[in-house]
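One chain, subunit A, appears in both complexes that follow, with subunit B as partner in the first and subunit C in the second.
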Partner chain A sequence: MPEQPLKIMVIDDENIVGKRLKPALEKTGDIVETFEDGEKALARFNEDPFDIVITDIRMEKIDGIEILERILATSGRTKVIIITGYATVETAREALSKGAFDFIAKPFKPSDLRAVIERASKEPRP
Partner chain B sequence: MHILEKLKKISRREPEIRAFCIQTIRFKKFLENARALLDLFKDGREKAVEDYIFDRHYVVTLIDSVVERLGMMVYDACVLVPKNGEELYAGYDRLKLAAGNLIDADASAGKSAGVAASGSTDPEYRLLSNALRWFNGKDAPEPETVMGFMKQAFLHVIALDAAEGLASDAATEDQALFENSGVKATDMGLYLIDLWKDALTPPDKNRATSDFNSVPLKHLLMDATCRDAKTGAINIQNDPDWVAAVTEYQLSLHSLKPDFQFRLETLASGYEQSDFIFIFAGKSTSLSELLPSGFHIETTDYGQFAWSLDISAKIIEDSLMIIGRRLFSKSARRLQ
Partner chain C sequence: MDLQLADIEDPDARISIEPENIPLQHRPSISIRAKVAVSFSLFFILSFTVTGWSYWILTKLENKIEFLEIADNYMVEIQQARRFEKNYLLYHTGLPDALEHLKTADAILTQNSDKVENILGKNYFQTMVSLMSEYHGQLALLGNVKNNAGKEAIVPSLRELGSRMVSLGEEFVEKERNSATRMFLLAKRVPLYFMSALFILMLFVLTFLTRQLLLTLNRFMEYTKRIGEGDFSPILPVRKYKDEFTKLAEAFNSMIRELDHKHKVLLESHKLRAIGTLVAGVAHELNNPLNNTLLTASVLNECFPTLSEEEKMEMINDVINETERAQRVVKNLLDFAREGETEIAPLEIGKIVEDSTRLVANQVRFAKVDLKLDCEANLPRIHGDEQKLKQVFVNLLLNAVDALPPGGQIHIHIKKDKPQGYVLVTVHDNGPGIPEHIQARIFDPFFTTKGQGKGTGLGLSVSRGIIKKLGGYITLASSSGQGTMFTVALPITESPSEIMSK
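For the complex of A and B:
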């Protein structure tokens, strides 16, 4: 039986990230929606939850840690993957301690992110 | 020797040996900064060529890192050769300004501002493409690229004096300094300096190569012909024409021959990311005959640079054995 496509949300206020990630992640048949505005992304999530949320940490209106907290408060089954160009041990520790599934430093290859998504999709959901 | 005479001798030679050691250590810092710049270029190229996702922050940080590291390299160059400081800082300021213009121009440009080498019109990818051209673009005028400026800095530090005909004087002065400083090897025709110990306290007597615990020196001399093939006696030159300054993992080898420009620097710590071999040689030296494969060689009007980076300890040791054999064996004298 073919696997269900994953619903993946990408949030990054740098337009280029969503623009490049969307076609790369859709290659495997998953459904990808991209957002530059965290509030709009959360509103969309509340309408219809996603399996995977990939979010940048440092954004102007709402940061990735707040998005992480609000998503996990809404949907326990969603896996949140943090991406950041300002990778430090402290930010990684904070994100993981607040329930992020994994943490990837920019720049990265789509295949690296794909590997994390696959792990996240296989992990049993509570 | 009377104690006062001994003290007088030490006080005269101590600052000179110390200055030589400090210059050698500073040159290593200079090379480390040059290496860090090459690593930054490599990182940028990799992100441009391979299928990476990056944002503007990455490219701006990369350009800023190059500017910062280049500043450190210029500082080292000015410590080593103060007389060239003004010219080097003027060149550095031009490149710094170009970096600022690169970032500002791209920020204000629209989608129509051009395409990256990869064909992308995305501003981030175009900015990286322009940055790579600024680093080392083959089609950019060399003096306007970071790589061109790095070569210029190298020439200021190690080659330009030679081109101006000052090398023979410097070599003679160095030879006189070493001759009177207790650093003549007792078993080979070279002067040997312990970079840390001798900088603090000049040695009381000449020492043998075996008295030095230096991994690169040991390998450099492993196959060197310093014994007579028939008698087995050690061949010792009265006037050594090499100086080797060492630590446990570092070797800085200089030729003192006025007509043979050669300098080798290596770090063989076993930590691949920082180990390297760097060589500068005059134009007439055949580096292809001297060096094993795997070296990157750049030729300039004043001399040749060769380097090998990111190499294992085993490759460094093997390379040093080959170089030592070819440099010091009698049959290889034609290289010099």
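For the complex of A and C:
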């Protein structure tokens, strides 16, 4: 467990994702905030940057790639993990080339995500 | 002439009865070849009749002229005989000359007895012969009687017989001359009658045969147009009888069957392509409930001891709901993809359009397009095949999504067109529209504006085929800049109770 709790932001328009990931990730002592709306999430991020942002790609109003770009432009130390149900090699490559830390395809278990968060907290940003 | 006019009107009357209901094999066979043959035969018979009649009338005239010559000769002899008779009575000379002329007249009659008898008839001929012999007898008697008193007794009867003979002869000559004149007149008129009859016959052939051929050719041209537009219902010839066009219609029908079969294959392949497009969206749609289920079940598993009863129940309900959501997604796609024969049934158009929008929901979401569905309340049911109709609407919606930039809008409106007996579904997008120069071609098979490998060019062509087959129509009302609007019209099904209430 890291000495300092991580501030994690989860963005997914499926509300169950946030609802389940919040307790699952908070178990390790990290601070988790969940959002269904990308715009609200970005507004919150601008107030107070997070260490890790987990975002879905395909969302109605604003898509994950845009969130990734805007967060990386705002905060250099934040690591962005992309999750999506529409997993194609192209979207994964695009996300990674634009600076995403990693890419997880739906469906996944909380432990899968925790492993990635674990790596993200230790490794420097690519 | 009247008969021919009636013949001209007859075939038209036959067509207007519309004998489509009579099965083809029960119709009598009248080929175009037979019609042409009959027309030519009519021409030939007419010419033959007129020629024959002319020949007959000229022969008859020839006989009459010959008879007139004989009659003239005969009359001359008789008149000569009478002149000598008068001379004898006045000057007592010339009786042998009178008898000589009478003999010549008798010779003329007997030599030409056949012809004269033929023209005058047996009775008249006999009268003439007996008159002449009586006159001859009286004349001979006159020669034998020497005293004046005896002569005076014979003279009245002799004069009487003589004048009767002359007037009878003159009467016949006059009669025959009149008859010959009439015949000449007739012989002059025959070519005119013939020309008129020929003209009418020509008119008949022109109007009846040619018009019928042209009309049928035009009808076949319309058939090809109809088939080209994807209407594969078979042709039923309207004629009451069979001819070469019937064979052509049969050939058309077998072509239509082939085309229909090919079209079905095309329809299926187009559907497979649509399914391919939809599957990408459905995968995402399916991954979300799967993810929700997996996350919920994992958390339930990891934190089971620490969770309250209430939380556990909520999670279990979430698992159930999300699994059902996945089930619905799969069912919707399966309903669309299921192969099946066309099943025509009364359907709720609102539900079909709604299912279609659900099928393309992910494409709509990915393209960041706004989709609005307006459905009039209490819509009558329509007549159609559920799967095929979904195929049409999915296709129209996918086209609209492809055409729209992010933020674009699709507006579907379902309303009644009661007086026409249709339900109208309009799919309106506010995209760039279809340029005018290609609007005429968008329903053509294999015509596509999408890049290579993206569109098959079959969507609208297949859609039109489907809608036409259901008795409806699909039209484009688009102008560049104002977006594109397609209207699908489907016939309303009348329920038995509605029919009863009429």
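Rule of thumb we're sticking to: the second predicted complex is superposed on the first by the 122 of 126 C-alpha atoms of A that agree within 3 Å, B and C clash if a C-alpha of one lies under 4 Å from a C-alpha of the other, contacts with A are read in each partner's own complex, and residues count from 1 in each chain.
Please note the rule applied: contacts are C-beta pairs under 8 Å (C-beta built on N, C-alpha and C of every residue); 3 or more make two chains touch, one makes a residue touch a chain.
Keep in mind it's a predicted model, so treat the numbers as computed, not measured.
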Of the two partner chains, subunit B (first) and subunit C (second), which one does A:Lys27 touch, if any: first, second, both, or neither? second
Review point. Touching A:Glu47, do we find subunit B (first), subunit C (second), both, or neither?
Key: neither
Examine A:Glu60 and indicate which partner it touches, taking first as subunit B and second as subunit C; both and neither are also allowed.
second
Open item on the list: By the touch definition at the top of the document, which applies to A:Lys106: first (subunit B), second (subunit C), both, or neither?
Closed with: both
Report task. Pick one for A:Glu14: touches subunit B only (first), subunit C only (second), both, or neither. Result -> both
- Give one of first, second, both or neither to describe whether A:Gly85 is in contact with subunit B, with subunit C, with both, or with none. both
Max touched-residue count on subunit A (subunit B vs subunit C) belongs to chain C
Contacts of subunit A common to subunit B and subunit C in the A-superposed view 14, 16-17, 20-21, 24, 85-86, 106-111
Listed in rising order, the residues of subunit A that touch subunit C in the complex are 14, 16-17, 20-21, 23-24, 27, 58, 60, 63, 84-87, 105-111
Residue set of subunit B touching subunit A in the complex reads 47, 50-58, 61, 122-125
The subunit A residues in contact with subunit B across the complex are 12, 14, 16-17, 19-21, 24, 85-86, 106-111, 113
Contacts from subunit C onto subunit A in the complex sit at residues 280, 283-288, 290-296, 298-299, 302-303, 318, 322, 362, 365-366, 368
